[in-house]
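Next, two complexes with subunit A in common: one pairs it with subunit B, the other with subunit C.
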Partner chain A sequence: MRANSKAVFAKSSTIMILLFIALFIFFSVASRHFFAVGNIMNLFAQMVELGLLTLAMAVSMISGGMDLSIGTLCSFCTVLLAIFISQLALPAGIAIVLVLLIALLCGALNGFFVGYLHITPMLVTLGTQSLFLGLGLVVSKGVTVSIPIDQLAIFGRYKIGGVFPFQILLFIAAIIFSVILFNHSRTGRRIYLIGSDAEVARFAGIDIRNNLLFTYVFSSFMAFAAALVIASRISSGRADVASARILQTVCAAVFGGVSTLGGIGTIGGAMLGVAVITIVSNGIDMLQVSQFLQQIITGGMLLIVLAFRHARKNNLGIA
Partner chain B sequence: MMKKSVALLMLLAMVFMVACSGQTTPPEPAASAAPAEPDEPAAPAEPETAPEDGKKGTIAVVCYVTSAPYFAFGEKQAIATGEALGYDVIWTGTPEVDTPGLIDIITNLIEQDVDAICLASGDTTSVVPICQEAMSKGIKVVSFDLDIAPEGRDVYAGLMDLAELGIPQVESIVDSIGTEGKYAIMTGVLTNEFLQSRIDLCLNYAKEKYPGLECVTIEAMDEDPEKAYNVTMDILNTYPDVKAIMSNVSTALGPIATAIEDAGKIGEVYACGQSSPNLAKPGMASGAVVSAILWDTAKWQSWAITIAANLIEGKDMPVGKISIDGFPDAERFTEDVFYYYETFTFTPENINNYDF
Partner chain C sequence: MKVRQLFKGKTREMILAAVIILMGAVVSVITPSFFTTLNITNILNGNAVIGIMSVGMMMVIVTGNIDVSVGPQFAIITMLTASYAKAEHGENVFVTVLLGILIGACLGLFNGLVVAKLNIPAIVVTLGTMNIMRGTLYLVTKGHWVEGLTGPFAKFANARYMGLPRSVIIWFLVLLFTYFILYHTRIGRDILAVGGNKIAAGRIGISRTRAYLCAFGYLGALTGLAAVLSASRLKIAQPSNGIGYEMQLIAATVIGGTVFAGGVASILGTFLGVLLLGIINNGLVLSKIPIYWQDLATGLILIIAVASSAFQSKKSIKIRKGGDAK
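Take a look at the complex of A and B:
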């Protein structure tokens, strides 16, 4: 059964890779602007924010939950970065460390409620989503807070050799770190088991509380990393700047094979989901097609992939 | 199973081709719309990729909430204006407020070598870095609707100093109740300095030009329609002789009109001032509203495109009153600010011509 399940998702990854390649070829042929060095670099740079937030979402889903607070936490972090650097005149390095600590504390708050108090993750993070938004609005007084344009530039606007966006390297490092942690370590295997069946994990002697705490702290770390990139790109912080990304992260993770029921899916798969969604967005811009159609195409592709996956499960006799 | 996978991919590819093929062909130029000839055309920078069909170039209109009727209403007119001036127009933006998404779209437009970007942004600073990148590549950046920080754009194509919208707001009171009577003001939030300055202008203008008008109270609806309704009820009870309640924001007039209707005060008290037409329509139908003001949002997009085209072509536009087809009262207010001074008064006769 487990082998069959793995077979389904290995096949899904293959399909996602083929889909990405097919889309790449299609957009290259259909748009004279798509297959250019500048745009290819943009394409990968545009994956970074959604990708980091999807890493945060995917691990919470694998653990059997769903962290709905990562968007407002990320936004809150951009506000804090802006306040610390612009209004309190702290050096960027100190501001980054302080905001990181606050972000991890916010993640620990989620993890405490989920792991120690056993409250449904979606309800907890629905509450903290509102809490972080409120904190961001209070601290920023509801307005956008500027960051001097030369500050934090490396995280979102610096291009190596004038061509290669630096944030892509950050993103690659985050993916490698996450893959090692969740797909090739004991901690990762425990979190998969908790997500798959918490009761079985408990009988296996796994410390569910601390593993869930760790999961949500990890999510908050990725939300913080996304905040660094966003704050750099927009040279400012705003309390709702990443709020709209939440549903996209769920979509990307599910697209990539992460189950909303927990315990199933891979980091690599989720990143393929990010890649497909981003190439659709970029390619449609290049074709000068309505953004509204982009929503329809993304939704349609998601349904087709889900239907395909369901059919494969049935063929393999997986419940 | 491999066959099924290949079939799925082919299906998806076909869906894309069908979906995209109808959208990529530039629209036919309007036969009656002759491109405007520049007075002293400067040679525009040659883009990497020349526009198709002998067009002068491409202008992008980017809005931060394309799903909002306020912006969507202007798409067709924006494209038609571009066509008339000899440009392809890409009308795009984020369906909902999503600043990183908006920046991605602008990044993609830079990659497409557009000649100008007309931008309506949700805030003044977030888009500045990407707009600076666009300007560094020779793309003209024209902000419209709400202005952005000056360092992020070439010029602002504005309607007018929006504080001065207070003047037609007062005129809408006069249209509703005449030059004498008591009125109340409903504003957005009392802490907003911009809205406050507009109220000051309203009060001073009314005092000078219509001394028979008397403001009895200024209340805030805090961008909450339900609160606007409740506050209106309070005003009607507290000031039984009030004859008009003037909205200082575009979202309050609807609930004010509903409250007047529910209080049985149709014909005795009027809602007036600023409103989007769709919010004013029920009040116009019930008789609670006879005059409301805003601007034609579609024409504002045309204005931004026109200014962008003139910048691309290097037209001479000296500071002061300028002559631009379709914008008879236009003015280059400062080096980097243009106004066209055209507010719009909605009445029961014309309101159904607008849908936003």
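Take a look at the complex of A and C:
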């Protein structure tokens, strides 16, 4: 069964790569604006924010839960960054460290409820989602807080040689870090096992509580990283800036083969999901078609991919 | 004796009611305008739409599923029924209501069918249909509103009996009807059984597909009913209606004590959950606290509610284990 499921998901990532290439060729032919250095760089830069948030979502899904709070946590972090830098006039470095600590604390709160109190992750994070949104609104008094234009520029606006957006490097580092941690380390294997069957994991002597705590702290770290990029790109912080991204992250992770039931899927797969969703969004922009069509296509692709995967799962006889 | 039996196993509802009374008392002290017939009626009227839908969401959660596509469903139905009512100049209210319920039931049944037949987690399926529905709605309507509703339709939801608006009365009727279905019909028992243990229910011949279809269809139908009431009450429909409703519904249901894993329902609790969130929002407004504290309060209450139910279920497991030992 192990080998089978591995084969299935190896195949599903091949399909995602093929889909990405097909979409790439299609948009290059269909729009003359698509295949240009500027736009290709832009395409990759667009992947970064969704990608970092999807990393956060994917690891929580792998552990058998779903972290709905990353969107508002990320927004809350942008607000804090803006407040610390512009209103309290802290140096950017100190502000970043402080916000990072607060973000990790928020993640630990989620992890504590999920790991130590055994509450359904979706419910915990539904609550904290609202909580972080509220905190962000209260701290910012409901308005957009701007950051001086010369601060934080490197994370979202700096281009190496004027061409290559710096945040792509940041993103690649985050992916490598996550892949090593989750797909090539003992901690990662433990979290996968907890995700596929917590009871078995418990009998295997795995410390479920702390591993789950770690998962949600990791999640909050990635949300913080996304906040850095967003706050830098828009030079401001707003309490709902990333809250709508949450659905896209789930779509991306599921596209990439991460199961909502936990224990299945890889970080790399989830990133392929991000690539496909971003290319659809970018390509549709380039074709100057309605953004709403993009929503329909994303939803439709989600159902079709799932139906296919379901059919193949049945053929291989794994539940 | 009888009274004690009535409250047996209703600890959670009692606690909720106590919290609501306490909160009401606090707000009444802060602002005298809270505890007036007008304001109480307003709270009920303002939450009737969420209240009606949350009972449907409870049904779906009882089967161990979830439906996050209720927001767009709601928007689609408000748009369609409002357009229809406008074309008919608000006549044929009955047909409009029926139309709303039917469209809703169809949308819900589609979700239920996909979840049951493809065996994919409901959250992922409804996430997909949510995107499709909302996108289609924007694409077709191009973001335009339907407004200027007149005639009997515009008066439908606001008509009052004994001081209570019709939407509130319909809400109460829906609660009673759901109680009847869930505890006094075969399909209700089947839904509870499937939610409690899918495999066991399957072994004794209960159709999982049928239970799922009924639960999702019921949620859809209630969403339709609520959407018509909303269009009639506000006399306007817009494609952005219902954004974020799914979270509010889930929050209210879970605060009310319905178990997320399925199999346990609480109609009274769901009602009280909606009421609690409604009173908080209303109290914050009346106490002149900035509106952005609302989300913070909602989040805190939800966390406290789920944490307390986690402790409660731990206790009940201990009691059960103790009983076995004897």
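As a convention for this text, the second predicted complex is superposed on the first by the 319 of 319 C-alpha atoms of A that agree within 3 Å, B and C clash if a C-alpha of one lies under 4 Å from a C-alpha of the other, contacts with A are read in each partner's own complex, and residues count from 1 in each chain.
One rule holds for everything that comes next: contacts are C-beta pairs under 8 Å (C-beta built on N, C-alpha and C of every residue); 3 or more make two chains touch, one makes a residue touch a chain.
These numbers were taken from a predicted model, which means no experiment stands behind them.
**Student:** Between subunit B (first) and subunit C (second), which, if any, makes contact with A:Phe214: first, second, both or neither?
**Tutor:** neither
**Student:** Is A:Asp285 in contact with subunit B, with subunit C, with both, or with neither (first, second, both, neither)?
**Tutor:** Only subunit B; A:Asp285 stays clear of subunit C.
**Student:** Look at A:Leu293 in the shared chain and tell me whether it touches subunit B only, subunit C only, both, or neither; answer first, second, both or neither.
**Tutor:** both
**Student:** On the A-aligned overlay, A:Phe166 touches which partner chain: subunit B = first, subunit C = second, or both, or neither?
**Tutor:** neither
**Student:** Which partner chains sit in contact with A:Tyr192 here, subunit B, subunit C, both or neither? Use first/second/both/neither.
**Tutor:** neither
**Student:** Quick check on the superposed pair: does A:Phe44 touch subunit B, subunit C, both, or neither? Answer first, second, both or neither.
**Tutor:** neither
**Student:** Please work out whether A:His310 is in contact with subunit B alone, subunit C alone, both, or neither, and reply first, second, both or neither.
**Tutor:** So A:His310 only meets subunit C here.
**Student:** Return first, second, both or neither, reflecting whether A:Arg238 touches subunit B, subunit C, both chains, or no partner chain.
**Tutor:** first
**Student:** Subunit A residues touched by both subunit B and subunit C?
**Tutor:** Touching subunit B in the first complex and subunit C in the second, residues 290, 292-293, 295-297, 300 of subunit A appear in both lists.
**Student:** What residues of subunit A sit close enough to touch subunit B in their complex?
**Tutor:** Touching subunit B from subunit A are residues 11, 14-15, 18-19, 22-23, 26, 30, 32-33, 36, 38-39, 42, 45-46, 49, 143-144, 146, 149, 157, 230, 233-236, 238, 240-242, 244-245, 281-282, 284-293, 295-297, 300-301, 304, 308, 312, 315.
**Student:** Report the residues of subunit C in contact with subunit A in the complex, numbered from low to high.
**Tutor:** The touching residues are 114, 118-121, 123-125, 127-136, 138-139, 247, 250-251, 254, 260-261, 290-300, 302-303, 306-307, 310-311.
**Student:** Help me check something: in the complex, which residues belonging to subunit A touch subunit C?
**Tutor:** Spelled out, the residues of subunit A in touch with subunit C are 66, 113, 117-120, 122-124, 126-135, 137-138, 141-142, 239, 247, 250-251, 254, 260-261, 290, 292-300, 302-303, 306-307, 310.
**Student:** What does subunit B use to touch subunit A in their complex?
**Tutor:** 1, 4-5, 8-9, 11-13, 15-17, 19-20, 23-24, 49, 66-67, 90, 92-101, 103-105, 107-109, 111-113, 123-130, 132
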